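What follows is chain A paired twice: with chain B in the first complex and chain C in the second.
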Partner chain A sequence: MSQIGLDHPQQKSAMLNEATIRWSLWLGSKLLRGLSLLCGASFIIYATLRSAPGDMVDLILGLNGTPEMKADLRAEFGLDLNIIEGYGRWAWRALSGDLGISITFMPGEPVLSLAGPAFLVTLSIAVVSLLCSIAVAYGLAILLGPPRPRQAFLLGPIQLLNAAPSFVVAICLAKVINELIQFQLAGGGQIPPSWYPIPTYQKITDSIAPFCFAALSISLGDGLFTDLFNALRAELMSLNESLFISAVRAKGAAVRKHLIKNLIVPTLSVFTARLPLVLSAVVIVEYIFTLDGSGYLLLQAAKNRDVPVVVGVSLFFIFAVIVMNLILDLVKALVDPREVAKGD
Partner chain B sequence: MTGQSTGQSTRQSTWYSTWYSTWHSAWKEQPLSFKLSSIIVVLVLCFGVINPFISYDPVLDVELSRRDLAPSWEYWMGTDGQGRSVALRLFKGIEAFFFPGLIAGLFAAFVGGVLGALCGYFGGWIGRSLSAVLELIDTLPRMVFLVLICTIFPPSILLISIISSVLFIPSIATIIRRKVEALGAEDYILAHVAHGFHPLKIISYHILWLQCRALLTRQMIFVFSYVLFIETALSYLGDYGVQEPYPSWGNMVAQSRISAVAWPWALPALAIIITIAALLAFGDGIARREEEVKR
Partner chain C sequence: MTQKNMVLSLYKQGSLLLLGMIALVLCTPQLGNAQVFRYPESSKQSSLMPFFVENMSAVRITEFIFEPLVTKNKRGDIEGVLAYSWTPTPDGLGITFKLRQGVKWHDGRPFTARDVVFTVKAAQDRKTLFNSKSKYRFIKSVQAIGDYQVQFRFIQPKKKPEELFNFKIIPAHAFKSTAIKRLDKFNRRPIGTGPYKVEEAALRVTKLVKFDGYWGRASIRGVEMIHTPDSSEQINLLKYSGQGSGVQAVIFIPPKNLSIFENSDTVVLEPYHTVSWWYLAFNHKNKGLSDVKVRQAIAMAMDREELLGAHLGQGDILSGPFTESSPYYNFDVEAREQDLDEAKSLLDQAGYRMKRGVRTKGRTKLTLDFVLNKDLPNSQQLALSIQAQLKQIGVDVKTTFVDAALYQEKVFNRKQFDLTMNVWSFNEIEDIFPLFRTGAPSNYISYSNKAIDAKLDESRRESDYKAHKEIMMNLHQMLNEDLPYVFLWSLDIYSGLSRQLKDIFIQPYYYYSFFKDWSLK
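== the complex of A and B ==
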C-alpha cells in the first residue's frame, strides 16, 4: 500500500468499513457460539431431568402432591409433550424468567427470587478469590524473579498446596477460627466475637468475615494458586527475555507499560479457564462457612430433593460461565485485536 | 546372550537382572519428589487391592470407653469419638474411592484418547461436530452437575465416578487432539499413510500407543485424583457418598470435625492432601520421564 493511498480519505473509510464488518462478524460468531452452548447445556439438563427413573412428577412432589399440582408441574416441565417440544416450552418459560416454584426447601417461593440474589454472592466470591490469587501470584513472581534452586524451600509448600482440595483448606481454616472463638468463650464472653457471627446473617455486613475466609480457602485450595503462580511466572519470564522487551530496554524507555499490556491476555485466558472450577469449589466452601450463596442453596435444596431449585441454580451457573466467557473474550479482543483481524 | 551383546558385563545376566539394572539406574536418577510420590502411590495401590479381602468388623467396632485416645502402639493414629481406630478406618476408607477411581480413570482415558485422536486425525465435519459436543460438556460446572445428577438419580459412588469421568473426557480429548494434530504433519506418520496402513491402525498404535501413552497415563491419574476429591467432598457433605458407620476419608473428617482432639479429623485431611499430592507428582514424573527418554 502506497503512502499516498493511505492518506486518501476514501481509502480510509473503506478500511474503517472493513474493520467494522470484521468486528461485527466476530462478535456475531461469538454470540452465536454462546447462544448455542447455552441451548446445548440447558438441553443436557432437561434431558437428564426427563431420564429420571420412574415418574418425575412423583419424584419432585413426593407423596403429598395434589392432582392439580401434578398437572401444573407436568405443564411446566413439558412432560406431556415429546422431548424437543417439551424442551422448547421449558426453555421459553425459563427465558421469560419463570423457573418454577420451590417445593420442599422454601415452599411457594419462586426459584428466580431465591437463586438470583444467592448467585450474586457466589459469583462475587469466585471473582474476588480469582482476582486475589492472580494479584498475589504476580506479586510473588515479580518478587522472586527467575527460578533458582535455593527457592525450593519456599516453593515446596506452595507446590504442596496444589494438592489440597479447597474444602479441606476450608475445614482447617474453620477449625482454627472455632479454636479462636472457643478461646474467647473460655475467657469469659458468652457471645462469639462480633467479627464472626454464626450461623445466620441478618445483614450483609455481618457476612464479611466468612466471605473473606471462603475467598481465602478457595484461592489457596485446588491448586488454583499454584497453577496460577507457575503459569504467570513462566509467562513473565518468557516476556522478560523476549526481543521486543530488550529493545524497549535498550532504548531506555519504561518497560512496565509494555509488560502489563502483554500480560493481560494470558491472565484473562487463565481466568476464563479457571472460572468453572472455581465456581464448583465455591459450592462446598460456602456450605462449610454457611454463607448464604447459591452453593449453600443448591446443597440444601438437593438435600430436600427440591428439583426445581436445583435445576434453577444449575442454569444460573451455566449461564454465568457462558456470559463471563463472552465478556472476557470481548475484553481480550479489545486489548489484542489480532484475533479479530485474523477473521474466520 | 545379553551379556555378550553389551560387551561390558562379564557375569551371566538373566532377564530379571537386566530388567533390574535398567530399572535401578532409572530409579536412581529420579528426583526425590518422584521417589516419595511413587512410594505413596504403590502403597495406596497395594492397600486398595488388599482391602476387599479384609472384613469390616474391626473398623465398625464401637467402644465408648476408649474414645479419643492419643496415638499409641496399640492405636497408631489414636481413636475417634466412638472409640474406633483411626488407622484402621483410614486404611479401610481407601476402598471408597479406589475401584471407582480406577474405573473412571480408565474409562475417561480410553474414551477421551479415542475421541481426541479421531478429532485430530480426521478433522473435517467429524472433528468439528465432536469438538462441539466436547465443548458443550466442558461448559457444565462439574460439581454442580454432579449434585444435580445425585438429586435426580439415586446416588451411588459408581454413578458419580462414571459421570465425573464423562465430565473429564473433553479436557483429555483436547490434549490428545492437539498432540495428534501436531503429529499428523510429521514425516513418519505421512510415510505410514503412504504405505497404505489402515487409519485405525495408525491412530491406535503409532499415535495413541507409541506417542500418547504417558500423556494418557497422566490424565488417568488426574481423573483418579479427581474421583478421590469428589468422593471425599460428597462424603463430607454426607448425603451422596459413603454413609456413616462405613468409613470414607470425607465422612471421617465430617464426623469428627467438632471433636476436641485433633487426630480424628486432621489425619484423614492430611491423608487426602498427601495422596492427591503424590498422585499429581507421580503423573507429572511419568510425563517428564517420557519427554526425557524421547529426547
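== the complex of A and C ==
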C-alpha cells in the first residue's frame, strides 16, 4: 500500500479547486456587500430628495402652472410614480449604465455625462492630495527617524498649521493668490498673469494652477498630513524594529524590498480610510477655486431639486469608496492569503 | 544606499518633477480671445429654448440666438425683425405679416412662414408645457400664405396687435411634432436665426459664436456666459476686464460695490431702468391682516427710505403697483411716510391692545410669520430691520429664510406665511390683473376686493389708451388705500461695463436686444 504524497497531481488539483472556490466565494461576498451598500445608499438619497419639501415642477411652472399642467409635467419627468416605483425604475435603468437625465439644472443632459467628468475632477484632486501627503509623510518619517523631544520644534508648528479646516486654508490661499495678482496688476494692467488666467475653471488644460492650489489646501487642512505622518511613522518604526526585519538585516540582505511589501497594506488602509473624508473636503475646496467638480454640480442640482443629478453624483462617491475598499481587500488577500482562508 | 540617502535622491527627483510642473504652468497658453464678450450670470439659464425661459439668465441669452417677428427699437417704436411689414385688419381681429427673405437658420436651412405657423401651434399645443403659454392665447388661428407671408386671426379685437408678436420664432424642421418636450436635445443645442449660434453648452460656460450666415450685421465675434453664483466673484471678474480674461460686463452691480468702479479707468457704470418693484405682501387669510387698518398701521410703521438706503442703495419709494417711469404711475398719490403715533392709533381703532408686548384682539395676536427667499438680495438684513421697525408698534415678526424651491412650496402652494417680501419684474408695462384679481394665478396672497375686481375687469375691456390709463391711475390710488401689499421701491440699477465696449445700448428687460450693434475695441 502506498501513501499518496503531497505533490501528487490529484491532491494538487483538489487543493487548487478548493482555493478557487474559496477565492470566488470571498470575492462574491465582497461584491454582494458592495452592491447592497450601493443600492441602500442610493435608495436613501433618492427617497430623501423626493420627499424633501419644494418641488421641481413648482419651480419650473411657478404661479402660472395650472394643476393639469403640473400633473402632465410630473408625468413627463416620471415624478408621478411613488418613491418605491420611481426608485425601482431608476435602479433598473442604472443597472444598464443609464443614470437618467438632468431635469432642471441642464435639462435633457444625461447624468452620466455631467456627473462623470465632474467626479473625475473631484477624485483627481482627492487622490493627488492624498498621494502627495503620503509621499511627504514617508519622506519626513524616514528623515526624522524615531520620535525624539527635539522634533517638537519642527512637528509642533506643522501640527498647528495643519489643524485648520481645509476650506479655511483654501480661502486664505485664494486670498493670497488674489492679492498677488492684484499686486502684479498694480502697474495699471487688467490682464491677469498667464499662470492663473481668469476665468478658467473648466479643464485641467486651461490652467493647472487652481487644481494644484486645491490639492495643496486639502493636504494642508483638516489635520490630514499630521494624521498620515503619525500613522505611517508608527507603522514604519514598528516594522523597522520587527524580528523578521532584524533577521533579514543579520543575513546581510536588502531590507528595502521587505519594507515596501509590508508597507503596502497599511498605506492602502490609510488611503482608503481617508478617501471619503478627503472627497467631502474637496467638494467645498474646489468650489472656492471655482473648479467644475462635483461640489459645483451637487450644490446647483440640489438647489434646483434635480433628483437624478444629485443621486447620480452621490452614486459616484459611494462607488469610489466601495471600489477602494474592494481593492484594499484584494491587496490584503494577495499579500496575506490567510484573509481569504478566514472567509472574512 | 542608506534610507536617508534614498529619501534625498527621491526628493531630488521630486524637485525636478516640481520644476517641470511649474514650467508647464507658466507655459500654459493664456485662454480667451480679444473679440469674445464674456459676462457672468448668477443663475444658469433654465433652457436655451425660448418657450422654456424661466429665469432672467435664459431671457438674456436667448436674445443672442433667436429673433421675433417684431421688436421695440431704441425709441420704443415697433420695428420689424423677421417681418418687414404688417397690415392689421380694420376690425382689429387679424394681422398679416410679410416676412424677410434670405434669412437662414443656424443649420443653413431657410426661414419661412412655416416656421412662424409651427411656433404658434407648438406654443398652443396642450402637451407643450411652459409657464408663459398665456402669451399665445389671443391667437385664434394662423395660416401661411406662400413662403413669406403669414396671417393671424384673434379671439378678441386688438389695438396695435403687432406689439404682441415679440415672441421668438423656432424652426419647424427641428421638431417631429408640435408637442415640444422640455428635455429635447434641441433645447441644449438650439438653432435660431439670431446673430449668434451655440457652440458649446458646458457645465458652467455657454459659448456662442457669430453666425456667418446672419442676415444682419454683428460686430463681436463671440459671446461666453459664465455661471458665477457669487456676486463678489462677479465683481472680481470685472476687475480683470482686459482682453482675453475676466468679464466685460456685470449686469447688476450691488450698491455696496458701486464705489469700486466709480473712478475706474477700465470699467464704466451704466444706469438703466427695469420695470420691477419690491413689495411686502400680506396673507389675507390671516385674520389680523384681513383688516385694512392693521395693514395701514404696518405700512406706517415702516421707514422705507431707511430700509432702502441702508440695505439696497438708491431707488424710488413707491405708492402703488407701478414704477415711476410707468405711464400708469399716479403722482397724485403720495407714498406713506413713517408715523409711529398714527400707526399705533390705527391699531387701537382696529381694537388691538398691547398685551405682554404684542398687540392682541381677543384671541388674535399680531404675531406674524415672515417667510423670505434666501436668494432675494440682502433679504436677511432687510427682514431684521423690518422686524425691529414693526416691534415698535407691538407687531411681533418671526422670520424664516428658505431656498427658492421651498419658498415656492411654502408661500405660493401651501400659503404658510403671514408676511413675505418679493419683487415683481415685467417685460414692458406692468400687468397687475393677475396679481390682484380674485382667484387670478399670481394672486397668491388670497386678496379679494370687489371694487378692485370690477376696475381690473374694466381695464381689460377698455381698448382706448387714454381711458385705460385713467383706469390704471385710479387703480393705483385704490390699491394704495387698500394695501394688498406695502408697495416698497424700485431700484436704480447699474451695470458695470468694460470701457473697451463701444456703442452700448441696454434694453432694460431683455438686456442684449441691441447687442449686435455693440463692439469690442
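Here is the rule we use: the second predicted complex is superposed on the first by the 275 of 344 C-alpha atoms of A that agree within 3 Å, B and C clash if a C-alpha of one lies under 4 Å from a C-alpha of the other, contacts with A are read in each partner's own complex, and residues count from 1 in each chain.
We take it that a residue touches a chain if its C-beta (ideal position, glycine included) is under 8 Å from a C-beta of that chain, and two chains touch if they have at least 3 such contacts.
Source: prediction; values computed, not measured.
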**Message:** Once chain A of both complexes is superposed, is A:Ala94 in touch with chain B (first), chain C (second), both, or neither?
**Reply:** neither
**Message:** In this superposition, which partner touches a larger number of chain A residues, chain B or chain C?
**Reply:** C
**Prompt:** Is A:Leu143 touching the first partner chain B, the second partner chain C, both, or neither of them?
**Reply:** second
**Message:** For A:Thr290 in the superposed arrangement: first (chain B), second (chain C), both or neither?
**Reply:** second
**Message:** Per the contact definition in the header, classify A:Pro53: touching chain B only (first), chain C only (second), both, or neither.
**Reply:** both
**Request:** For A:Gln300, select first, second, both or neither according to whether it touches chain B, chain C, the two together, or no partner.
**Result:** second
**Request:** Pick one for A:Ala231: touches chain B only (first), chain C only (second), both, or neither.
**Result:** neither
**Message:** Under the contact rule defined above, give the chain A residues that sit at the interface with chain B and also at the interface with chain C.
**Reply:** 53, 59, 303, 305
**Asked** In the complex of these two chains, what residues of chain C are touching chain A?
**Response** 3-4, 6-7, 10-11, 14, 21, 24-26, 28-32, 38, 44, 46-47, 52, 54, 127, 129-134, 181-185, 187-188, 201-205, 226-229, 233, 236-237, 239-247, 265-266, 403-410, 412-413, 434, 441-442, 444
**Prompt:** In the complex of these two chains, what residues of chain A are touching chain C?
**Reply:** 53-56, 58-66, 69, 72-73, 76, 101, 103-109, 114, 117-118, 135, 139, 142-143, 178, 185, 188-192, 194-195, 197-202, 205-209, 212, 256, 290, 292, 296-297, 300, 303-305
**Item:** chain B residues touching chain A - in the complex, by the definition given at the top
**Value:** 135-145, 147-154, 229, 232-233, 236-237, 239, 253, 257, 265, 269, 272-274, 276-280
**Request:** Can you check the complex and tell me which residues of chain A touch chain B?
**Result:** 37, 40-41, 44-45, 48-49, 52-53, 59, 160, 162-165, 167-168, 171-172, 174-175, 223, 276-277, 279-281, 283-284, 287, 298-299, 301-303, 305, 307, 310-311, 313-314, 317-318, 321-322
